[in-house]
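Chain nomenclature is as follows: A, B, C, D and E, assigned in order of appearance, with residue numbering initiated at 1 for each chain independently.
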Amino acid sequence: MKKIFVLGLMLLLVIGIYQLAVYDPLHERTMAFEDRDSQAYLDRSVNGDPGEVVFGKSTNLEDGAANTVAAIVVDYRSFDTLGEVTVLFISSLGVAFLSGGFGKTIRLKHKPGFVLRYGARFVFGIILVFGAYMFLHGHITPGGGFPGGAIIAASALVLSLAGEISGEKMKAFKILEGAAGTLYVLTGIVGLYMAGFFMQNVLPSGIVGHLFSAGIMPLIYLLIGLKVGSELTGILDYFLREEVES
Amino acid sequence: MIAYQSIGTALGMALFAWLMQTGLSGVDRKITARIQKRRGPVWYQNFRDVFKLLNKRSVTHGWIFDLGLLIALAGAIGTAMFMPMAGIIPLQGYDNFFMITYLAALGVFGRALSAGASGNPLAAIGVMRGLTQNIGYKLPYMVLVIVLINYYKTSSISGIAALQQVQGWSVLKMPLGVLVAFISLHGMLGKKPFDTYLAPSEVASGPMVEFGGKYLGLLNIAHEIAVFVEISLFVNLFLGGGATLAEFLLKYMAVYLLSSCLGAVMGRLRVEQVVRFYYKVPIGLTILQVLLFTLLYGGVS
Amino acid sequence: MNWLSLIVSLFLTGIAGYFIARIKPSLGAWIAMAASCAALLLVLLGGDALPGGPAWGLIRFEVTPLGWFFSLLIILVFSTNGIGSLAAKGRQHREPVYTMLYLFALAASLGVFAAENWLALFIFWEIAVWSSTFAIGLGNGRKGSVSYFGMSLLGSLMMLFAILAMGSAYQTFQIREALTTALQNPGPALMVFILMLGSSMVKLGIMPFHIWMPPAYTEAPDEFAPALAGGLSKLGAFTAFLVSAYLPISGFMGGSWRVKGLPALSYGLVLLASASIVFGTLMAIRQEDAKKLLAYSSAANGGYIIIGILMGTSMSVSGALVHLLAHALATTTAFSVLAVIVRQTGTSRMDALGGLAHRMPLTFLAFLTAILSLVGLPPMLGFVSKWLILQSLASQGLFLPAAAVVFGSIGSMLYAFRILSTVFLGQLKPRHRALQESSPGVLLSLAILSGATMGLGVYPSGLIQYTAKIEASLGMSETVQTAGLSIRGINGNLNALLIMGAFLIGMVIAGAIFFKAPRSRKVDLMDTYTAGEFIYSPELYHYGTQFAAPFERIYEKLPSISRVYAALASLTDDLGNLVKYLFFSPMPSRTALWISVVTILLIWGEVL
Amino acid sequence: MMELLSLSLLFLGIYGLVTKHHILKMIVSLNVMETGLNLFITTLGYQEGQIAPILSSQFPSSALNFVDPLPQSLVLTSIVIGVGTTAVALAYAIKIFKDHGCLDLEKIEGRL
Amino acid sequence: MMNLNPVLTIALPLILAFTKIMYRRIANLFLIVGSLINIFVVMFLKEGQYLMGGYRPPFGIILQVDTYALYSLLVLNVLFAALMLLVTKKAENLTSSSLIALAALNGLILTGDLFNLFVFLEIATIAALILVSSIKKYHQAFNYMVAGAIGSTFYLLGLGLLYKQYGTLNMARMHELMAASPSGSAVAVILIFIGLAVEIKLMPFSSWAAGVLKNADEWIGPMIGAIYGGVMMIVVGRLFTDIFVMDAKVRLMLSLLTLITLVGGEAAAFQSRKVREVLLYSGVAQAGLEALLILNGYPAIGFILVLSNMTAKYVMFLLAGYMAEEAGGDDFDRLTGVFRSNPVHGFAFTVAGLSLAGLPLFFGFIVKLNLLYNLMLSHSYWLPALILSASLVEGIYMLRMILGLWRLPEGHRGGLQVRILGSSHRRKYAVYTISMVLSLALILFGLAPDNALSIARRARGADTDGKPLVLITMKGGIGQ
């Protein structure tokens, strides 16, 4: 009986919000796409209008990335992404704190099969390279730091399933994570004192579509990729870890 | 300043009050005896009692016991000094009703003080009963007198008496009120139905239990003067106060004897019955009288 | 020397007193006494022309005759109480903070009486409230201080509401200006009048608001009770005077029908005050504890003051002022005496005491004057005020309040005799044989207070002339007149000296007869006529409990108001429980449910 | 149409939170809610016949009719926040299981 | 001086947090240094708009620093630094989470972009979650997490709808567009309000607060109870006065919600018999009152009410935490007379309590006075009456608690042996100084509130919808 009542409530909510805020046949409650803020991002015309941006030709734009979403995530609104990274960092800290520090890694009861043991070592390299590709080409092709980092973590998962990774390597990931985070904020500070604004894109933006274009974006995506990768591996490792009642 | 002459008349008034009232109470004892089919003592028996008591040696319970008694008598004498009587107004212009009632109350309080100081619980119970009854009969009486004061626009007793001469007795103006006043007067005098706190058979005669010899004598004098004050108040306020002394005394005797005759034929009530009675009949009549009065004279505009 | 420096110096001595008392506790009492006596001298010499002193921001002072009268009254109470408690080595005196709170309460009430604008008045009022709350808290009990604080907070919040309503409607906080402009355009004037009087009734302890008095007076430390009962509860009367004088209700309530020349609203309030007199007297008769008895009697006496104020005639206002002074002096004396008794016997329950007059005669005499003044018998000041109030009631023709006043004065004789006979007269119990007379300091303070009561009672015209000056300063058209020694009432005048003279003459005559008659033999207390009963121990032989049993039986079922407040408190508790159960359950699903329900209500509410 | 679907997905998640007392089920419904929300935000930026906002060889010029990129970047952030919260929630689940031995909040609540 | 950019208050703690996990040994040094630098930075901040990444406002993210933000930052950082000084030993292994919490709180006040606000809100909630789990009450923390998740979802949903209608995320531009055509934005504003209501502990959504604060120690109490509550209310203050435009009906419904919180909170506090419970429910009630003021156009008074409540609750939660820890529980009869043996604590606690209840001589009274005066200026009499009765109930239960803690009945040894912080003298004097400084500040502002009131006027003095702000100051009486 309670469930039906709650379902009814949910139905009311959905209809209410849809009817009153979303459904807008005359478009008087939806801003046309042209005069939304994002149009400026698409034309790369926030600080000055460069005219038509052509892939592979236009150079020294205010933001050289071909992938506009990546441009927004890392350049126009990079402060959000800094917050973003902190969320992940704080979650991994939380998981570390809650799982009570350094317990013994669980030895899986069943020995990993032959195929898994050797296959893992082989597959690990490919996944790792694909992950690296993801965040290095973040500003050209869809993807970027976060999916790249996740793929790296997946590769680490494959290894740990095969029983390869043990406690001490985690220390390395920790340092990598800390270093990447600090570097990310330092680029912001450098931008502040070099060019007057926090997270200012100090390097030349190069030609749209080339690998070495869009100023500091690839550098930031690299740092984010490494950081996210190490954090997610850390979180996975904590979950695999048995809390040792010392 | 008040001339010595008026202090003299005031003292004379107190002395006369005592003499006249003690004589009258002797006559009253004869009449009540007659009602109870016996001869009763000579009319001056009360004088003899007082003088006999004053000459006997008695017992005291400490200085508060004596001080209280002196206050009682002083209060009675002080009240009597202010009482106007048919044209003889001892202290012109100061005979205010509230002042007289509160001075009399001081006398009653003095007596209660000395009874309490005697150390005898029976006296304390007697005083408590007396004060409880006091609440019963004093309330309607005072309210009625306040109505009178409001009507005559003056609270001096001689003033009201003089006005009544002119406009007719207040009995005619508020018959109900006078009836209630008489019932309260009956209670104040301590006559039969309301004499639980004084009666010898009740709690060894209440406050009087420890008084003997000169103390009883002084109390007797104070009692007589207090009776005089109450009755003359009643006469002055309700019965027109009397143009000549004779007329005043005649009314005085009529009221006194009527109340004592009534007293002689009635049984005694318990204390809370007295208070319940006073809070049913007299208070009801007073409220009626007040409503009547406000409708006729005063005004809700 | 101006008012601001007086108050600031009192506050500073309070703080200094705290630190000194921490070093040597007994010094605290000295400081309290010295400061209050110094203040008494300064105010007495300064007269009511004392300069208000420089303005310190919002806090500006202006000494008016009314303010001066009240300040003199409260300083007299505090200094005599200081002298009395100096001698007593009370348990409270080991608390260093007591001296600070004591002087804070005094300074704050002085601030109230001389405040020039409403906000300053309110600030000092609140300081007086919470400093006396903590002082009561030092005593033995928490219920008293919490109910005191709760009710005073209710009163002061009512006053704050009224002040701000006036401030916002008339753009000024000056006392006189605000009230007079309220007369012209009576927007919130009616509400202001009711709230102001409500707050002063709470402080005076009129019937529905009196529940804080019994617990507060019993649980307050013995040294603080006289100051609290005599002085601090008079703050309420001050605002009542201000409001009813400057905002004469007949001014803007002209339209509604009037009863005997009094507008309906103030007649209603007068009825409330009379109900408080009757209720207070009935409850006082029934009490077993002496302090509770006096607490209910102050509730009754508060009723006289309010009736006097509300009637607004010259005699009634002066009667209210005189009654204020009489009640303050009498209650302070009574509570100081009770303090002595409680310190020596350990209890203020009347049936456990008895016959103390034989051990402490002088204290008994002081207590006797206080009781006579409370009842309103002639030689005392209480009689003068009662006379004035009764005269004005009679001349205005308000018969129901008159009946209540009369009932109050007769009933007070019963409870006055009860406290006298059970505590001082009757049998002296063996364990109290070792009691001594109270120390000279206490006797000095009692002498001052009872001397003032009797002196002013016999020679009141000086005081009455000053009340006339106050009435003139309050802007009343005609003031009470005095001719030579007597007070000229509308329908009769009173010469207190003459009454005292007549009484003394009677005393002389009685003494003559008494001493001429043969001397009587002093007999021991137990040696009395017991009508056949054999009673061997004084405890049995003392008539204390259920004193006025026959009378009490009549009104046994009298509902007590404190049950109403208890019901209110438990209602809030139940509401709190419901709220906790509904909204604060630790289940996340319930929070989620509530969030969705409220969203639906808000969204769909917006549509409808 | 897509908005309605995503909204109902979101409130389905809330339905799960309200009715279920088992912690893991609640975490799952939390994720359902997050996904529903992300879907809704992405649909805000979509219009018929628009292409992904990435300049590439096939769609070289910025004058083309691109989809609104901003909601997509917001969703990117919101997804990562979802991951963060789920990680912490799972850690709590482990901790609560260790303390109380059972994952049903109602029983835990009853025992406290 | 190098141009001090407000982003340092966010970036520096982040850097310290990130580097801390590499050097575990000197963790608490990071903590204290981080919070002290922040105070230093805030001291020398200049008002103005600071762009992130150099992009013009409506497109890039901006940090705006006006008087309102400046003074909130100052109070926040001072209180945070003081708390960190006290709990360094306890916060050993949670240093970086506290630093991130500090960064998030500063970000919440500074940010000028709505989505950025969402990100910082999320960081703050998770950081608070981690800190709360230090008191080992995991299912309460789970409850908090669920409530926080639903709240942020509703916020983001509302934000999405606003973006759909107005196409921008920048606060100033959103305000212009909304003022131009406010119709249809009501549902979004309501959703955002509910999202934030969970954080500021309004009635139906604040069940998590009860679980968390009921057994909070001297670190979580002030952190969640005072600092987080205050900052969230400042955010609501900014959003619902500067940005969102609501029509009268929505405003009425939302203030109805706050009224229920006010009354319910007071009743619940009246009924509770434990120190922290009383503080918690009175905090909920005060939150209701603050939200009521913000919604009804009195932001200036709401702002100083938030600051004064923040300080008072901070001191009270701090001391309540210590008392409960020392006495093993905080119900009244276990703690009777505890102040007798710790008079300094008692003084600070009493001053904070009386200021919360709004008695004269304290800052709380000045705030209440101005609050009621302005309400009455616009001829509303029912609201002041309700607020006064609420403060009557509050005065009674606050005094009952304080008197219970001061008084020592004869037979009751109760709280006497409780030596608060008897163990470590160094920390004891630190607590003395901090609580004394804050309570003296309450008294000082109570006596001479003019500069505090002028700050309020400068911060939110804008006469929202025609209500002139009239402040009663000690100096001038009724000053315009």
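The definition used in the following text is that a residue touches a chain if its C-beta (ideal position, glycine included) is under 8 Å from a C-beta of that chain, and two chains touch if they have at least 3 such contacts.
Predicted model, so just to flag it, every value in this text is computed and none were measured.
Peer 1: What are the chains that chain A and chain C both touch?
Peer 2: D, E
Peer 1: Among the remaining chains, which ones contact both chain D and chain E?
Peer 2: Chains that touch both chain D and chain E, as defined above, are A, C.
Peer 1: Per the definition of touch at the top, where is the C-beta contact count highest among chain pairs?
Peer 2: B-C
Peer 1: Taking each chain's centre as the mean of its C-alpha atoms, which one ends up farthest from the centre of chain C?
Peer 2: Farthest chain from chain C, going by C-alpha centroids: A.
Peer 1: Which chain lies the greatest distance away from chain D when centres are computed from Cα atoms alone?
Peer 2: Result for max centroid distance from chain D is chain B.
Peer 1: So, what's the distance in Å between the C-alpha centres of chain C and chain B?
Peer 2: Spacing between the chain centres: roughly 35 Å.
Peer 1: Cα centroid separation between chain C and chain D, in whole Å?
Peer 2: The mean C-alpha positions of chain C and chain D differ by 69 Å.
Peer 1: Measure off the straight-line distance from the CA centroid of chain B to the CA centroid of chain E, and report it in whole Å.
Peer 2: 76
Peer 1: Chain A to chain E: how many Å between their CA centres?
Peer 2: 33
Peer 1: Indicate the residues of chain D shared as contacts by at least two other chains.
Peer 2: Expected reply: 11, 14, 17-19, 26, 70, 77, 81, 84-85, 88, 92, 95, 105, 109, 112.
Peer 1: So which stretches of chain B touch two or more other chains?
Peer 2: Chain B, residues with two or more chain partners: not present.
Peer 1: For chain A, give me the residues that contact two or more of the other chains.
Peer 2: 6, 10, 13, 16-17, 20, 22, 36-38, 41, 77, 80, 83-84, 87, 90-91, 94, 98
Peer 1: According to the definition already given, which pairs of chains are in contact?
Peer 2: Those chain pairs satisfying the definition are A-C, A-D, A-E, B-C, C-D, C-E, D-E.
Peer 1: Quick check: in the complex, which residue numbers of chain C touch chain E?
Peer 2: Contact set of chain C toward chain E: 57-59, 117, 119, 122-123, 126-127, 130, 133-134, 137, 140, 142, 145-146, 149-150, 153-154, 157, 160-161, 164-165, 167-169, 171-173, 188, 191, 572-573, 575-577, 579-580, 583-588, 590-592, 594-595, 597-599, 601-603, 605-606.
Peer 1: Could you pull out which chain E residues touch chain C in their complex?
Peer 2: My answer: residues 139-140, 142-143, 146-147, 150-151, 154, 186-187, 190-191, 194, 198, 203-208, 210-211, 249-250, 253-254, 257, 263-265, 267-272, 281, 354, 359-361, 365, 369, 372-373, 376-377, 379, 381, 384-385, 388-389, 391-393, 395-396, 399-400, 403-404, 406-407, 409-410, 448, 472-478.
Peer 1: Using the touch definition from the top, list the residues of chain A that touch chain C in their complex.
Peer 2: Spelled out, the residues of chain A in touch with chain C are 6, 9-10, 12-13, 16-17, 20.
Peer 1: Quick check on the complex: what are the chain D residues that touch chain C?
Peer 2: Going by the criterion above, the answer is residues 11, 14, 17-21, 26, 105-106, 109, 112.
Peer 1: Could you please specify the touching residues of chain C with respect to chain A in the complex?
Peer 2: Residues of chain C touching chain A: 593, 596-597, 599-600, 603-604, 606-607.
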